[in-house]
Amino acid sequence: MEIGRVVGTVVSTIKLDGLTSYKLLIVTPLSATKELTAAEGRDDYVAIDLAGSGEGEIVLVTRGSAARVSGATDVPTDAAIIAIVDTIQIGTRNAYSKP
Amino acid sequence: MEIGRVVGTVVSTIKLDGLTSYKLLIVTPLSATKELTAAEGRDDYVAIDLAGSGEGEIVLVTRGSAARVSGATDVPTDAAIIAIVDTIQIGTRNAYSKP
Amino acid sequence: MEIGRVVGTVVSTIKLDGLTSYKLLIVTPLSATKELTAAEGRDDYVAIDLAGSGEGEIVLVTRGSAARVSGATDVPTDAAIIAIVDTIQIGTRNAYSKP
Amino acid sequence: MEIGRVVGTVVSTIKLDGLTSYKLLIVTPLSATKELTAAEGRDDYVAIDLAGSGEGEIVLVTRGSAARVSGATDVPTDAAIIAIVDTIQIGTRNAYSKP
Amino acid sequence: MEIGRVVGTVVSTIKLDGLTSYKLLIVTPLSATKELTAAEGRDDYVAIDLAGSGEGEIVLVTRGSAARVSGATDVPTDAAIIAIVDTIQIGTRNAYSKP
């Protein structure tokens, strides 16, 4: 899984039925060990939202077939937001706390 | 999933039966947060079209086994266009609107 | 899927039974939009041949579990050549035609 | 699979049920052949812990659907710590020994 | 699949049961077309050995779910050595012959 920030939304009317009823959010992958800066060599992508997350929030995203394990088995997605992050601890340092 | 632009077509007569009846489109992956410029470190690839998309359109592509979830279970593909993008919103900014 | 050129062959006598009876071809991934030059950040790999392709040919390769969808379900491969490319069209430009 | 170091923890209260009862650990991927320095072009990620590992330990992580093979079939994860590394031997050189 | 060289071994006593009875080998990915130098942008990783390979040998490795196709269905691995390479032919040039 990877840490990311929800930065935007995609709206689509022409789409596969399986996507209906899911929010399509744009996620920027972050490096947890580098002060939540953009992760090296990874660009933004689109995930369905299974955690009720919102713009600006730090979330946990699962990629690949894992995105369809929990209740979304028939959704043609390869990425899903599965948790909203409360805190990130790197060693003894608090790297992030949800405001 | 990722945002991409349909930029071309592949035609093939010698191919696995499972590919028959699908359009094979060339997609350039885009960075939604960087003005829809080419995504960092990703090159173009080929996807089957499940959304009736056309050349130049901004689309949503799913990769890996997700490409075979909706009606294309017997197609040997690892990428499918599953939606045509209407709008992309990054924060309060409208990053894209379908012409 | 991705466009590639068949550039070589791997021969192996000690291998899993599932690989027997398949040609093991070396493929260089190509960028369709950049005059079929080597794709950025991807190196060559080995694919089984399901399309009867030969050295020098431009082919379509599927990666991951998709490589085992069509008739090769018991083959421990993560890449398969599934089509021989006739033409590639980028916009109004003919980027490739099979000689 | 890849070698990594456990460097931190993610805490989340709003998450999919499948994640409950698993520790979410942040892993930095390492290059075994380069003195366990950070692996080239890979950034940190989050894995569930199936091996009882702790901060600072060198572990073995499996990615993708493999993360759900052993007892974690219903967990929406794409990464799992599956072993704690005792020693790494590169040729005749001992590259790592658990303290 | 990819060409790699077996360069080392990982030993672990605390691990998932599924890993027991498999050798855990460290593999450096190689570029077949570039004189078997290290493959661009890929770092070393760990694979189970299904081919009886040894240190220094050039092998064929399969990644992802393919690693669990042949006899290793319950092993939580995402990489498996499935063949020992005898020869690699690039065009008319013999790029490698097993000593």
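Think of it as A, B, C, D and E in the order they're written, each chain with its own count starting at 1.
By definition in this document, contacts are C-beta pairs under 8 Å (C-beta built on N, C-alpha and C of every residue); 3 or more make two chains touch, one makes a residue touch a chain.
Fair warning: this is a prediction, and the values are worked out from it, not measured in the lab.
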Field: Interchain centroid distance [CA atoms averaged], subunit B/subunit E, Å
entry: 32
- prompt: Rounded to the nearest whole Å, what is the centre-to-centre distance of subunit C and subunit E, using the mean of the C-alpha atoms as each centre?
  reply: 20
- prompt: Out of subunit D, which residues touch more than one other chain, so two or more?
  reply: 41-42, 64-65, 67
Field: Graph class of chain-chain contacts, one of line, ring, star, complete, other
entry: ring
Task: Head round the ring from subunit A, going the subunit B way, and note every chain as it comes up.
output: A, B, C, E, D
Query: Contact residues on subunit A for subunit D in the complex?
result: 1-3, 29, 31-34, 39-42, 50-52, 60, 62-67, 69-71, 80, 82-91, 95
Task: Using the touch rule from the top, collect the residues of subunit B that touch subunit C in their complex.
output: 7-19, 24, 26, 28, 41-47, 55, 64-65, 67-68, 74-79
